[in-house]
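First up is the structure itself, then whatever we jot down about it.
Letters A, B, C, D and E name the chains as they come in the text, with residue numbers starting at 1 for each one.
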Amino acid sequence: MSGDHHHEPSFIRKYVFSVDHKVIGVQYGITALSFLFLGFCLMMLMRWQLAYPGEKMPYIGNIFGEAAMPGGVMLPEFYNSLGAMHGTIMIFLGVVPLLVGAFGNYVMPLQIGAPDMAFPKLNMMSYWVYFVGGVVMITSFFVPGGAANSGWTSYPPLSDIATAGQTWWLFGMVCLITSSLLGSVNFIVTIIQLRVEGLTMFRLPFFVWAQLITSFLLLLAFPPLEAAGVLQLMDRLAGTSFFLPEGLVVSGVLQTQISGGGSPLLWQHLFWFLAHPEVYVLILPALGIVAEVIANNTRKPLWGYRAMIYSTIFLGFMSFIVWAHHMFMTGMGTKISAFFATTTMIISIPSVVILTALVISLYQGAIRFTVPMLFALAFLPMFAIGGLTGLPLGLPAADIHLHDTYYVIGHFHYVVAPGTIFAIFAGIYFWYPKVTGRMLNSTLGYIHFFFSFIFINIVFMPMFWQGMAGVSRRLYNQTVYAHGDAVQSLTVMSSWGAWMLGLAQIPFIINFFISRFAGKKVSNNPWHATTLEWLAPSPPPHGNFETVPVVYRGPYEYSVPGASEDFNPQHVTTEACSSVS
Amino acid sequence: MSAEVLPYTIKPHPVTGLYNGKFGVWLFLASEVMLFGALFSTYIFLRIGAPETGPAAWPSGEETHLSWKIGGLNTLILILSSVTMVLAWVQFKMDNFGKGRLYLAITAILAIAFVAIKFKFEYAHKFHMDIVPSTSVFFAIYYTMTGLHALHIIGGVVVICYFIGPGAKLWDQNREYYTNRIECTGLYWHFVDLVWIFLFPILYLL
Amino acid sequence: MNRSRIIGIAAALLVGVCLIAPSIVLGQTEAPAVSGNAIDGDYGYGLPPMVSKDGQRVDDLIIIVHWFMSALFMGWAIFFVYCLMRFRARAGHKAAYDPIKAKVSKYSEIGVAAFEAFLLIGLSMPIWAATKSEPPPETEATHVRVVAEQFQWNFHYPGADGKFGKTAADLVDTVDNPLGLDPNDPAAEDDVYATELHLPVNKPVICDLTSKDVIHSFSLTVMRVKQDVIPGMRIPVWFTPVKEGRYEVACAQLCGNNHYSMRAEMVIEDDASFATWLEEVGIVEEFDEDELD
Amino acid sequence: MKLSMFTLAAAVAINTFVYTPTQCMADGQNTITGKIIFKGDPDAYKRTKINTSKDPNCKKSKKTIGSEQVIINKKSDPMTLRNVVVSIKEGLGKKAFPVSKEQLTITQFGCQYVPHVLAGQAGQELRILNGDDTNHNIHFLPEVNDQYNFTQPKKDTEVGKVITLKAEDPFKVKCDVHPWMNCFMAIFEHPFFDVTDKEGTYTLAGMDDGKYTIEAWHEEFGKVTAEVEVSGGKAANQDLTFEPKP
Amino acid sequence: MSDAHADVSKHVKAYIAVFATLAVLTIITVWASTWHLSHPMAIAVALAIASVKATLVAMIFMHLKWEKAGNIWFVIVLTVFFFVVLVSIPALMHSDRPLGTVFSSWG
């Protein structure tokens, strides 16, 4: 060990199988952004079929092969594959790895002043298991019958009798879950154990708190889905009937090879036991990013920092006992539905608290409209719309009409698309200078923001009207129904919005790659921020900090009266802050 | 390298009283509880939902063809291995490397015996009788739960053998680090034992 | 980048969108509906037509919730926009360090919680209880078994004796016996099978939902009725149609490749027409062989 | 793959009126011909009109369609059966036969499969056409072959994949969207098979001299067999009889 | 982890005692299954014994008895709570169904 210190590690050890949390964070980031882009492309294909059902796709219709799109016209099975894989890729391969794997991995240890994650090798393994999971998912597009086509929720019995792609999906999911579990153990231990001196729990940046709660959610909610995945694999490969009742007649053929005795609802329980906390996995780190950016750009402390933390803890806790509100329509009686509707209403309160705290934080601030701030600000109303539209879905009686309609799609996309993904953009614009030592170009950033903001609303706003009109989700062609045909024009509008939204990402992609080499070079702390990551050099070296910092104050000490600057970094002593330099 | 740089890898954190590995293992066990929890939930859900009569009815004790003798023997073996595991840790703690290693070896042998009995006298016997996972929901659960448990045992054996063999070098470099790792392995091992304590009655006796 | 440029870009964008959006909405051709039968009711951007006795309660709840949501959002948004304009960074403006004492937020949160409690306990739960645990009297109701399969709704009427014949999975034949009716059961003799759901107007209906294969969802948009159809279970739903006409039955849960084709039609008619239909639907006409050749 | 109307109409017409499974040129000289006789009450097996009201688009291709399970030619005496697969079951030994190059087609027209019973040789290519202005889903339910499941949402299209099948006893193929729609496929290792036409006759040609067991299969009445000996290029005649129990 | 060597060696007796108890409890469980108790009672007895055994393993072998770290206790309590939720609520939902629900598709 002694002689190794000065030895420069080989390229592979440094960039491929690296144990440095920053390299792993960047690996996660690049991979997850690629998946995010892929998931977006799948959606743009689907939008063609939705807007112009049964028409030949122009220009690119012929490249998908006769099995998926004969003559350039999408087949329902391919449409269903796209739908299922869009959901899976976006959630499990795109957003969660970005929020937790990339931002969490890169920023969190810096924010707590740690030299690395607690278990660096585990961290590397977590990335590579995720990578394998991603490869498995992508490969599944090329197996006979195409990728999984039973929806991202994979409800059996449909998924039990589906094509081979479903088996690949399950293997991929088992990999992704394992990766998340490894990651979450690492995160919790790191946050609890490796904080520097003086950094008490209530001096942690809100982002770190969000990561901590998220990790607990991943740790405790993911294993049931892993178990469910194993059970479904058993159903598919060993012929068991965990999710299959007796007397199934598929396509007119009595299924005699299965024993029966299982229940399709079992999967839904185990799935939603994960998937509801998963919603908070998608949103909490995003809230963390937004809180960081807002505090920094309002130049004042977050309002209700502690209330936000308590709300987050409460959210995390409650998210485990609301899952059956996804199952109101599965034949649930009054008592249980009342229980879950009540917990659902209760869980809306801490969300309101957090949102209120963030918007009150703007009051009496000095708001700098930087690019990350614009994304963070846009996040607030978008998240508000997403959250509010959850209300009618959480009331069982209103859910009767809205369940499984476009209203649901609009609701959760408002939470995760203009919500979480805007927060991700905010994070990218905010921490890019830390990672690369260079700023992203802000003109391109503004263009990216305004176009994205407008078009993303054109995509998702019409869905509420479609849902109100009663149009079911996951329909290959909604015009077969009178109520669907009546609102087809909204679908067309939504589709055009989606394609324009795709175009709006071009400035970002250009910016992302060009600025790496041509961006303006910056100092350690270009945003004049207070948290510890801005103490480390940009980009931080292996081991992060030249000297181990000591923390003297809370995370958001901006505009302190009597201080020489409008920000007092956590690691600077009080005397140094007030002395005029 | 990183192990030396990172704080609290070996010594416990002054405030939390834990070294990283131990906390990590406990968190990992928490996720394992939820993993097996989902399977227990499956067991209960399907058992409650099973019809009273008919082919999908829950099998009674005799119909399961599970021998409480073999199950009970395996229970004892696993409990014994838990004891030897914890004794191994005591020996390392008291600086008796040789004895500690012996106890580790006994643990590994007992674990292998458990798996061998499981495969030879239970799985092989059942496959011979044409009882496979698809036979009924009960056997689906039986094979899945015990199979997953057996995988955990095999994983544990691999880790224990590693610490008897190549991993033992660490003892010479840093005794406390090595003992810590044995403690973590032990925690995992006792958890596997604990799962079996529940599996045995629900599958063999009820 | 100076502020005037930002404002310029934003304005240009807004104008662009104002031009694009209507052209998208107006510039499209009407896609031809696949269905051959005219569906009654006026469908548009709002809630679809409502033709059941109790559906109005669901609608009312949805509307109240949306007013509440709008009010909340508007209040919130006004404050948000005010902050953005009033507290933007500019020369001579400095952020205040001390947090404001905002009682308003606490009161509004309590208000929100109270109103949510009212929505849940006062409105939602009674509707749900009525929908799930207060079935109409068996004697007055029209009873139908709905058997879902990929990708078809089968409707099973008990016939004159009011009793459903026994069904069994191993008797199912897609052409001859789609319901799996037991030919030895006397109750099965007069049972009626149909692929269209006909119901008499102004009489409560009980539909027992079962599925042969995967999970479907029985969705009668105009009745404000939706219920997942789970294989291995028979779940009842009930409603009272109040307006004659031809409507649609949809599947609302992804059930396979042709999920979107899983559509049936529902006809609400007066008692006499219903009785006639019930008698006639079972009659099979002989096929004139020469027609084929 | 977009089809021209002509291709499709031709496919339907050929399959409806002059469909005989293509015989590959086997090198033998002998032929077996015969009739499939129906002994029973034809009134018990009347054809019925199929109610296609579920999908009004079916009528666009064809106004009325009738059931096809049992089609009896009542005009001939004795009465004969249509859509019976006749093939050689035993007696060919281990001889391998070249696969016919000709393609099989099955067309969905008027929400019915044309032909209703399709016989072919293992390895022969099969094309699946849709002539209806509606969505069809052709679902194979074999045991040996793959359970293909293709969706065809558009009129005048062909399934993108040309499939080949392995030898298998007659199996059902059905449409999951139109539950009344089904047909049967019988695939053989050898080229000695036929499906009876509306006169109820069949021809097997090209066998070497020898003693053969021939088998007739009908979807409703099952199987009957007979032994035939052929030699010297003479056409042997062998009728088979189905006699359903009343 | 600050136990001195002497402390640890004191544990050994506890370990052996626990092993004996576990072995005896195993035998009792098997014996109890021959009592022909009513079904719910049999389940209760078996699970009660299993819980006692599990507690012993956790407290003694896994050193929870001597564990002072609050974090571990926090994780355990949290996990046990969610475990109970996961195991009980799906089962409970079985009993609360709309009036007239039947658990069979056929008949």
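Following the convention adopted for this analysis, a residue touches a chain if its C-beta (ideal position, glycine included) is under 8 Å from a C-beta of that chain, and two chains touch if they have at least 3 such contacts.
Here the structure is a predicted model, which means the values were calculated and not measured.
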Third chains touching both chain B and chain A: E
Separation of chain D from chain B in steps, with touching chains one step apart: 2
Dominant chain pairing [most C-beta pairs in contact]: A-C
Remotest chain, chain C as reference, centres from CA atoms: B
Chain of greatest Cα-centre distance to chain D: E
Chain ID, smallest distance between chain and overall C-alpha centroids: A
Separation of chain D from chain E, taking each centre as the mean of its C-alpha atoms, in whole Å: 64
Centre-to-centre distance between chain D and chain C (centres being mean Cα positions), rounded to whole Å: 43
Whole-Å gap separating chain A and chain C, where each centre is the average of the chain's CA atoms: 29
Chain B and chain C, separation of their C-alpha mean positions in angstrom: 49
Overlap residues in chain D, where contacts from two or more other chains coincide: 135, 149, 151, 174, 176, 179
Numbers and ranges of chain B residues touching at least 2 other chains: 16, 18, 23, 27, 30, 34, 37-38, 41, 45, 49, 51
For chain C, residues that touch 2 or more chains besides their own: 34-35, 132-133, 149-150, 168-169, 174, 180, 212, 231-233, 235, 256-258, 260-261
Each pair of chains that touches, named by its two labels: A-B, A-C, A-D, A-E, B-E, C-D, C-E
List of chain B residues in touch with chain E within their complex: 12, 16-19, 22-23, 26-27, 30, 33-34, 37-38, 40-41, 44-45, 48-49, 51, 61, 68, 72, 75-76, 79-80, 82-83, 85-87, 90, 93-95, 180, 186-187, 190-191, 193-194, 197-198, 200-202, 205-206
Residue ranges of chain D touching chain C (in the complex, touch as defined): 46-51, 53-54, 56-57, 59, 64-67, 69, 71, 134-135, 137, 149, 151, 174, 176-177, 179-180, 182, 198
Touching residues (chain side chain A, partner chain E) in the complex: 192, 216, 220, 224, 245-247, 265-266, 269, 273, 320-321, 324, 331-336
Residues on chain A engaged by chain D in the complex (per definition of touch): 54, 65-67, 70-71, 73, 75-77, 251-253, 476-477
In the complex with chain C, residue positions of chain A that touch it: 52-53, 75-77, 80, 149-151, 155-158, 161, 244-252, 254, 263-265, 298-301, 303-304, 329-334, 337-338, 341-342, 345, 348-349, 352-353, 355-357, 359-360, 362-369, 377, 380-381, 384-385, 388-389, 391-392, 395-398, 400-405, 442-443, 446-447, 450-451, 454, 458, 465, 468-470, 472, 474-483, 485-490, 492-493, 496, 500, 558-561, 566
